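Same chain, two partners: chain A is paired with chain B first, then with chain C.
After this line comes the complex of A and B, so read on.
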């Protein structure tokens, strides 16, 4: 029996995915230091590579209607191996959520409220996301379009306000960087903003109609990718080569907005938009992590788990990395390597095994 | 320390009575398991006891043992 009773529409799934990908707008900075002015290319390449994989998640969830990832793993790999695979996914959800919570803390500590205790920021943010997760998937889905529209508004308005400072020769020369750096950049993009949508395997089983799921997933991914592309193009066009030396390229470019000395210091807009978008992403992660653990423990409700999970996440977020540099170094290597099986291999393997074994067996049939 | 105790007392108060009242023992067991881990981690953090980073371990496994790493620079 699935732990989630609520249902969402395909349109809501579209906005959830778009908002989730937009929530990674800050994280493209992990690639900027590696791919410099060619970041826009690796975003497009990452989307092209990951879109079929993400669409395979839709296929998998259509093969197992009404089931979440934990139930699918149990059915495909059997109760023991299935639990091991599920624990691997839960570890990934837990780590990724803590990184995102930490990102918000680092953002505030570096740019907005430098004197605030780091752990206090993490507690407040995690508690807010945990509260949203307790309201359930339907509530998150109902408000997701507001997050996406406000994110798009900020990205587009900043782009327009910075047009006079853009120099499109900053994108030249094309294809200058060595292949291995482009490959690493594509790896970062295909895992962090796009591949993390594997969390939706916990959600797709709640769709009320699955016919439009593939279309909604693709367009959600596309809206998210266009938002990231807008941010990357703006940062490169405004900052050029210097974008690699800043901690947050978005903040640095927005700080250059100066319209008649009236519209200045607009970086708070990025701060607000980024907080709102990461909030949606972290709330989805909180929901997914709690539901996954609840399903693994065989509970009827995930709600009692949300607050203890928030407590664990805060401490992991506060201690997992020593500094933003440490954060970037580990994410650019081990962080993107250990998640490859979860994003690219297990879902495809599950489809192949399910096809070979003829799963799910019809009612009354013998199941694994 | 005071804040930690207050926060965890609050979490206990809003979860446990309902679970006992509804006789949801499995939920209570799962809650208690995670609650103990969360409280122990919080206590270690407050007392400045070093908490091992899972990502450091993973980095060691992937980079140092398996030798999988992107070239730097």
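After this line comes the complex of A and C, so read on.
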């Protein structure tokens, strides 16, 4: 029996996915240092590579209607191996969530409230996300419309405000970097903004109608990718060669906005938009993590888990990295390696195994 | 029921407690505790130390309230405070010994480097200004002909603050296009390109009997962050023609018959550069299109005729040609690629560029410029004929 009783529409799924991908808008900085002015093509390549994989999640979810990832793992891999795979997923959710929480903390510490104690920022943010997660999936789905639209608004308005400072020759020469760097960039893109949508395997089972699921998922990814592309193109066009040196390229380009010496210092816009979008992403992660753990332990509700998880997340976020440099190094190099099997291999493997074993059995019983 | 009331009471107390503790006063800085910096100057001090001058707004005297009419007299609207240190940041913090407050550099308009710092190289002094989170990447970079602190002391007549005056001088470069504003981000960007030389406006002081005035006397050229020479006004405009940054300005055209001059105002200008690489020969096709208006003439002859227009247009195009060549000759002399020609080649011929990038310094003086300048007079303003005695009119 699934732990979530709520239902969402496929349109809501679209906005949830779009908002989730948009939430990674500042994380493209992980790739910018590697792919420089070719970041935009890395984003497109990442989307092209990841879209079929994400669509396979829809397929998997359709094969097991009404079930979430943990239940599917149990059915496909059996109770023991299935639990192990689920634990691996939960580890991934847990780490990724804490990294995102830490990102918000670092953003605030560097650009907005320098003197604020780091842990305090993390606690406030994690508590807000945890609160949102306790409200359930339906509420998250309902607010996602607003968040995606406001995220798009900020990205588009920033683009327009900076248009006079853009130099599109910054994209030339088109193909310059060695393939290995492009490959690394594509890897980062396909894992971080797009691949993390594997969390939706916990959510897709709650769709009230599954016919449009594939379409919604694809368009959600597309809206997210276009947002990321807008951000990447803006940063490269405005900052040119310097885009590799800044702690946050987006913030730096926004700081250049100067319309008639009146419209300046628009950093807060990015601050607000980013907080809102990362909030949506982290809330989804919180929800998914709590639901996954609750399902794993066979609880009837995930609510008692939310608060302890929030505490654990804050502790991980505050202690696991020594500095932002450490954070970037580990995410760029290790983070994208351990998540590859979860994003690319297990879902596909599950589909193949389910086909071979003829799952789910018509009775839908808990056979091992 | 009772339990519910109790719970809501607890909540109420909790909210009240949170209101007091989470009201966001942490790290607050009141306006009267801020030392608002509007300009900074960096000079070389004794013993190789950095001498930093910060121009701080004197809030109490610049208020313009009753104090200004009360004849308080001494209250200068700004305070130039200097300190020394081995690094910029150290010097910035040393200032607190004099001000008692931390500098608030978020409103800093301009960073002026002294001549000796520019000669030594800006690269190592730039880091702080790019890294400090209060600093804006839009702050301007300038170089003083001698000491930066002197430039910041010269009080302008109409503007209260020297730093704001300096920023204004540069921001309005478009009137003459004899200089160009360069901000932190632009400077960093050309420094990172590897082959492009950096430029920054040069500030000089004209001393007259009692007053001292600041003016921008040209542009300083840097190579790898080190000052290598200066461009005068015409050469600077020659550079801007190629970069497509000319906004307006005056073209002083001597008439072919030697009788007087036609003075044109540049209304609109466009520059386009196309690199051409054939075998080992590198050339740049430079196309300049300018629209002008006849703003003044010093001859009695009516210049507003098609024949005269053609002659003036030809002569003015020649001036543009000369200005560009003057800038190019100067850059060859410094062996500094101020136009960013190397970067243009890199963008168009990235494969070949890899081979020649290392030898760019040797190649640069050998490149060819094919300049094609066209000007067009689009209006004659309020007059269609000059004011002249009737007898001389033909």
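To be clear about the criterion, the second predicted complex is superposed on the first by the 365 of 368 C-alpha atoms of A that agree within 3 Å, B and C clash if a C-alpha of one lies under 4 Å from a C-alpha of the other, contacts with A are read in each partner's own complex, and residues count from 1 in each chain.
Heads up, the rule we're going with is that contacts are C-beta pairs under 8 Å (C-beta built on N, C-alpha and C of every residue); 3 or more make two chains touch, one makes a residue touch a chain.
Bear in mind that the values here come from a model prediction, so they are computed numbers and not experimental data.
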Of chain B and chain C, the chain that contacts the larger number of chain A residues: B
Touching partner for A:111 - first (chain B), second (chain C), both, neither: second
Which superposed partner A:241 touches (first chain B, second chain C, both, neither): second
First (chain B), second (chain C), both or neither touched by A:260: neither
A:318 touches, of chain B and chain C: first, second, both or neither? first
First, second, both or neither for A:293, with chain B first and chain C second: first
Touching partner for A:337 - first (chain B), second (chain C), both, neither: first
A:305 touches, of chain B and chain C: first, second, both or neither? first
Which superposed partner A:358 touches (first chain B, second chain C, both, neither): neither
Residue ranges of chain A in contact with chain C within the complex: 110-111, 113-116, 169, 172-173, 175-176, 239-242, 245, 252, 255-256, 258, 264-265
Partner chain A, residues of chain C touching it in the complex: 26-27, 130, 133, 136-138, 185, 188-189, 192-193, 346-348, 350
Residues of chain B that touch chain A when the two form their complex: 7-8, 11, 14-15, 19, 24, 26-28, 30-31, 34-35, 37-39, 41-42, 44-45, 51, 53-56, 58-59, 61-63, 68-71
Interfacial residue positions of chain A with respect to chain B in the complex: 91, 95, 119, 123, 180, 184, 293-294, 297-301, 304-305, 307-312, 314-316, 318-321, 330, 332-335, 337-338
